[in-house]
Amino acid sequence: MPPRRGADRPTSTREKPQAGGQPSTDDPRIILDRQIGADLFEPIPPYPPRTEREGEFYTLADGEMFLNVGPHHPATHGVLRLVVKLSGEQIVDVDPVLGYLHRGVEKICENSDYYHVIDQVDPLEYISSLFQEWAAVLSFEKLMDVTVPRRAEYIRVLSGELLRIASHTLYMGFLALDLGGLTPILYGFIERDEIVEMLAALTGARMLFNYFRIGGVNGDLNHEFMSRLGDWMSRAARQTEASAGLLNENEIFVRRTRGVGILDRATALRFGVTGGNLRAAGVPFDVRRAHPYSVYPELDFNVPTRTEGDSLARYLIRVDEVRESIKIIDQCLHNMPDGPVMARLPRLLRPHPGRAWGACEGPRGMMGVYSISDGSDGPFRFRIHDPSFINMETVPTLLPGNLLADTMAIVASLDPVMGGIDK
Amino acid sequence: MSSVGGFVRGFPGQFWRRLSLQERLALIFAPLAIGAGVVTVLAIVLLGPPFLDFLRANLPLVRFAVAATAILLMTVPTAFVIIYLELKVIARMNLRVGPNRIGPWGSAMSVVHGLKVLSKEDFAPTGADTTVFTLAPVVTYMASVMTLLVIPFAPGLIGQDLNIGLLYFFAVGGLTVLGLLMAGWSSFNKYSLLGGLRSAAQIISYEIPLTLSVVGVILLAGTMSTNRIVLAQSGSLFDWFVFKQPLAALVFFIAATAEANRTPFDMTEADSEIVAGFATEYSGMRFGFFFFAEYVNVFIVSALAATLFFGGWTAPFNWPLAYNLNWFNPWSLGFFGWAAIVLTVLVIGSEFFAVIVKLLGGREWSAWDAMGLGFLIDLVLVVGVLGLAGFIAFDWVQGIFWFLVKTYAFVFTFVWMRATLPRVRVDQLMGFAWKWLLPASLLNLFVTATAVVLLNR
Amino acid sequence: MAVGDRGSRVRAAPARRLAPVPPGELATPIMVPNTLWQPADPLAYEGGRPADVTHLRGFGFTDAGRNDAARWGALQVVPTKADHILDLIRANSLWPLLSGLACCAIEMMSSATSKNDMDRWGMFPFRASPRQADVLIVAGTLTTKMAGPLIRLWEQMPEPKWCVALGDCTVSGGRYKRSYSVVQGIDRVMPVDVYIPGCPPRPEGLIYGMMQLGQLVKDRRGRWNERAIGPNAPDDI
Amino acid sequence: MDRTLETRLEARLADHLRGPVYQRHDETEIRIEAGSVPEVLRILHDAVDLRFEILADLAGVDTGEVMQVVYHLWSPLTSDWLRIIADGLSRDDPRVPSATFLWIGAEWLEREAYDMFGIVFEGNRDLRRIFMPPDYTSFPLRKDFLLPDDAARSPGAGVRHVERACAPAALADDPTAGVRRAPAS
């Protein structure tokens, strides 16, 4: 039998075992083994600790116990697994275990050509696929010195901001759901469905739009998209305000999130956190402004910033960003230029050998792609940087000291997407 | 010879083959019905008087047995109704449709869910303490059901009119936590354990404000018998205790919400934190018991709130109770008279409506369909008429009506809160109980006692 | 381990029906290491050998399977008509397990929300605990690391239970056919009743699949343990 | 393209640079020795005229001959992304000092690079596999970890191998045979 791993078995809290502990014989697991005459029991972890951190974590003090949250848990947003060390209901330490959704996308991209890569990066940020495509095509366009037509840029910004709103409405809903509220997630899904349906009219897919192309976008705006968008824009502001008010004015929600999981400015910078979580800590870092990449320099919008850095601030930042995105969409619709939506490119893309880094601002932070070309028709190295990965890395810092009930509140307020974290 | 034998053997077969389905049914069931009727009449005539004497001899015992059975039987449909209410109301509040396929407007959905849960595989996880694991749902369910014994549904309709009714209620209702704790401990699962401990802490700390908030009512009514508390509020709308004890009513409602483990105090089965709390490892029938007990609890706390603060079965306005119908004494006809009346009404009415349906519906309605529909229509009408007559004639029908109206208003409020509110944290929950509810109920008790003393002087 | 018997066939295969490959290269077939799950009672499966396959085809017809009161419960004593009625009931109240793996999970939730409401057929609420769920909707890519926990979830669900493979990745590996860490179709590690292709399928697709599952439940007439068993790959692979 | 950044970098990092500062589009690229990573990152982070305070990315690269560790930094003082390539790690035993003393966020990024490439970051206190299972032995993103082609044409007919059991026969004598080479830029 291959070594059984993981802390997902109950462990004795009666004594203080060594790292990779040897619990006492009244451990229920040993009794269980005797009952069924099998040798299922293995200490946790089943191997001597490989790092000092692991040894420190898997050593239980008196009155502490491990709780294995996930990989299947109603509130882990996918297949995240948090091994939580509890004393009572208070969290002592957390060890996130990733990789339950590691699909080897980078390897597949390095074995495909540039067109397939755009399709392969879609399922990473499966709530907001376009931004991962955007980072990829930014990097490829730098590799190939392609200039994108302005109309294509505007269409990219338009669809991207729509998807940002969809992602943020889902974020509010999931945060409320993890706090026990049933209704906001359904209201959020109403908005999200509206948006993905209109994007489906534009791109042909509901979730994994394979829409952006190197040097433009796949198709021009069509009538159904514009009519749906008009319908939605006529009530978007009112709807978002209403669904945000459902939570902002809820005393229980505010009490659950204020002052919880505070991520201060210095820590956020040392972690390299980007996106709303960083802006909630007081750093006005937004790639759209800090390092303009599309037609964003021409557009007028603010970068909302807060200083508290707690869950409530992170939530309110998202609400403000939805307002800003609506402003941006309005401007895009008003100064949408005419012209082609694709640059003239050869069928077979063989850029000169070189390296390029493209980054764009996704709903969760900076999406980056570092691609190396060796002159063939596919990237030699394709590196995907996902903001959720860094956001999730802050969890072992934010959680200890809080109660178990706050675990999911904090994780949800960081807005992780497991597909992006695990690649 | 063979022909005779063939005739003898063939006769019943041929005769049977000639009959239509209805005739066959009639041929089978008519003798059975006649025989059963004869046996029944004989049994009533011969064994009736001594049996009635026996029952009359020890009436309280019989009364208690009947009441207990009736209450136990009544909990299941109550739970079904409330589950359906929750499914549907929450769906509407979520801008959804909710169940609408099974039964009219999906009204059979909860029944189907319940039966499905009961028919699932039922096992205890390896390493669980099987005895405790099995007993826990029973304890919870029985604790909930037993509290119904002192709820007055209508004048005269109460399981047992104990003079310490409220004390009994809180004592027995407190047993619920025992079941939850047993479930959490015996499940061999840390989530279950956390849920059980949470429920213990929560329910025990909310018992105190709950009980204290009721003491004011007891002072005003001068009794602990729920029946007399209701009587003390009889009269008009403004005799209800909610107007004399607003603070107590508020505290009671909040504490009762926590007592029934309802949102925003549903820490014990907080989905997003501890997977399903104490019920994580439960499946099949045992889980069904928990499932029912939760909703029976909702009904019970709603009923108690209506009883203590909203006048129980008393009408919100002065209603001429027991309207005197001199021209018709229902008891003068006796059993057979009533049976004759009901049968004639049903048969004739069914035929009448069946004819109408047949005429309106035309060909696609077969005779049996028409008769079935006619029977349904007639039944609905008869029940409606009888109910109206009963509402006018008997005060207990009125009592049940008003009682259920008030109770389900509260049930709706609970469902509404569940659809609206997030969940509070454990420490916030405890802090609220000890820092706010307890002082409030104590203040209310003090003010009430002072007022009672001053007014009585 | 979970597909150990298939693995043995696989190792036998290439020499016979495939171009010869350098020894050792690309040789090790996928063994989804079922390291987390073990049957609670090893004797109940395959005559005491710790089970490699986690489905019930082999088990349902052994004596242990027939006489396993815990597994069959009351269903053994009720007649078939009653089973039919029970199946009507079950087909109309299918509680999915709230377990999303990847992208398709979002569409799974979307199919339960206001726009297209699964609750109309009683496919709600999503249960958080596998003990109370009827349907395991495997929504999203199943990686080799997640296979063990998923099999464990499946084993924790009480009979009768059904499995729905939602999305291309779960049906056949889909766009991750070439990946080094993805199970090529969950029917290599667990039984599947309904396959719903699409990347991801629309919510209507999931609802249609669930209605098909209800039809399946009715058709089986109480023989819910005779379910179609993966893998869908030919046996001689 | 920020010309002043080039002069600033050359002024600050003259003795660490290995090759000229390379600029293209909105990126500035410098190559350094693996050993000098801590000093360079420290200078870039602290120097008042550089202030590269956000670690945008940390990537491992296997060029077929050598390993690289690539850092991307962002500074409010320049309009360029700064790319630092720690070059010349041996494929047999790639080692590089950790950046966690400056950015604790680099911890998981280095774990990922270790998981995918086997690059050992000295000073990282939690250098385990992060994505693949703990008992996994291969390093998938190395160039000699070959993906099988489409299911129909692959040995095993669609049944995927999880790991490379051993080095392919072709690679036995030449460890980089059949491996795509990096561009010689």
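Letters A, B, C and D mark the chains as written, and numbering starts fresh at 1 in each.
Methods note: contacts are C-beta pairs under 8 Å (C-beta built on N, C-alpha and C of every residue); 3 or more make two chains touch, one makes a residue touch a chain.
All figures in this text were calculated on a predicted structure; none of them were measured in a lab.
Of the two chain pairs considered here, B-C and A-D, the higher C-beta contact count falls to A-D. Between the Cα centres of chain B and chain D there is a gap of 68 Å. Chain C and chain D, compared by their mean Cα positions, are separated by 40 Å. Separating the CA-averaged centres of chain A and chain D is a span of 23 Å.
With touch defined as above, residues shared between interfaces to two or more other chains in chain C number as follows: 33, 40-41, 113-114, 128, 145, 178-182.
Shown for chain A are the residues that touch two or more other chains, namely 2-3, 5, 36, 74, 99, 102, 104, 107-108, 111, 186-187, 190. Residues of chain D in contact with two or more other chains: 131-133, 140, 145, 147. Counting only pairs that meet the touch rule, the chains in contact are A-B, A-C, A-D, B-C, C-D. Partner chain A is touched in their complex by these residues of chain D: 24-27, 29, 53-57, 59, 61-62, 70, 72, 74, 76, 79, 81, 83, 102-109, 112, 116, 125-135, 140-141, 145, 147, 180-185. Listed in rising order, the residues of chain C touching chain D in the complex are 6-7, 10, 13-14, 17-19, 21-31, 33, 144-145, 173, 177-182, 184, 233, 237.
Against chain A, the residues of chain C that register as touching in their complex are 1, 33, 35-36, 38, 40-42, 50, 98-103, 105-107, 109-110, 113-115, 126, 128, 130, 140-141, 143, 145-146, 149-150, 153, 175-176, 178-182, 199-200, 202. Those residues of chain A that touch chain D in the complex are listed here as 2-3, 5, 45, 47, 50-54, 98-99, 102, 104, 106-108, 110-111, 142, 269-274, 285, 290-291, 353-357, 359, 366, 368, 370, 372-376, 380-381, 383, 385, 389-390, 393, 422-423.
Those residues of chain B that touch chain A in the shared complex are 90, 93-96, 126-127, 188, 190-191, 194, 263-264, 266-267, 270-275, 418-428.
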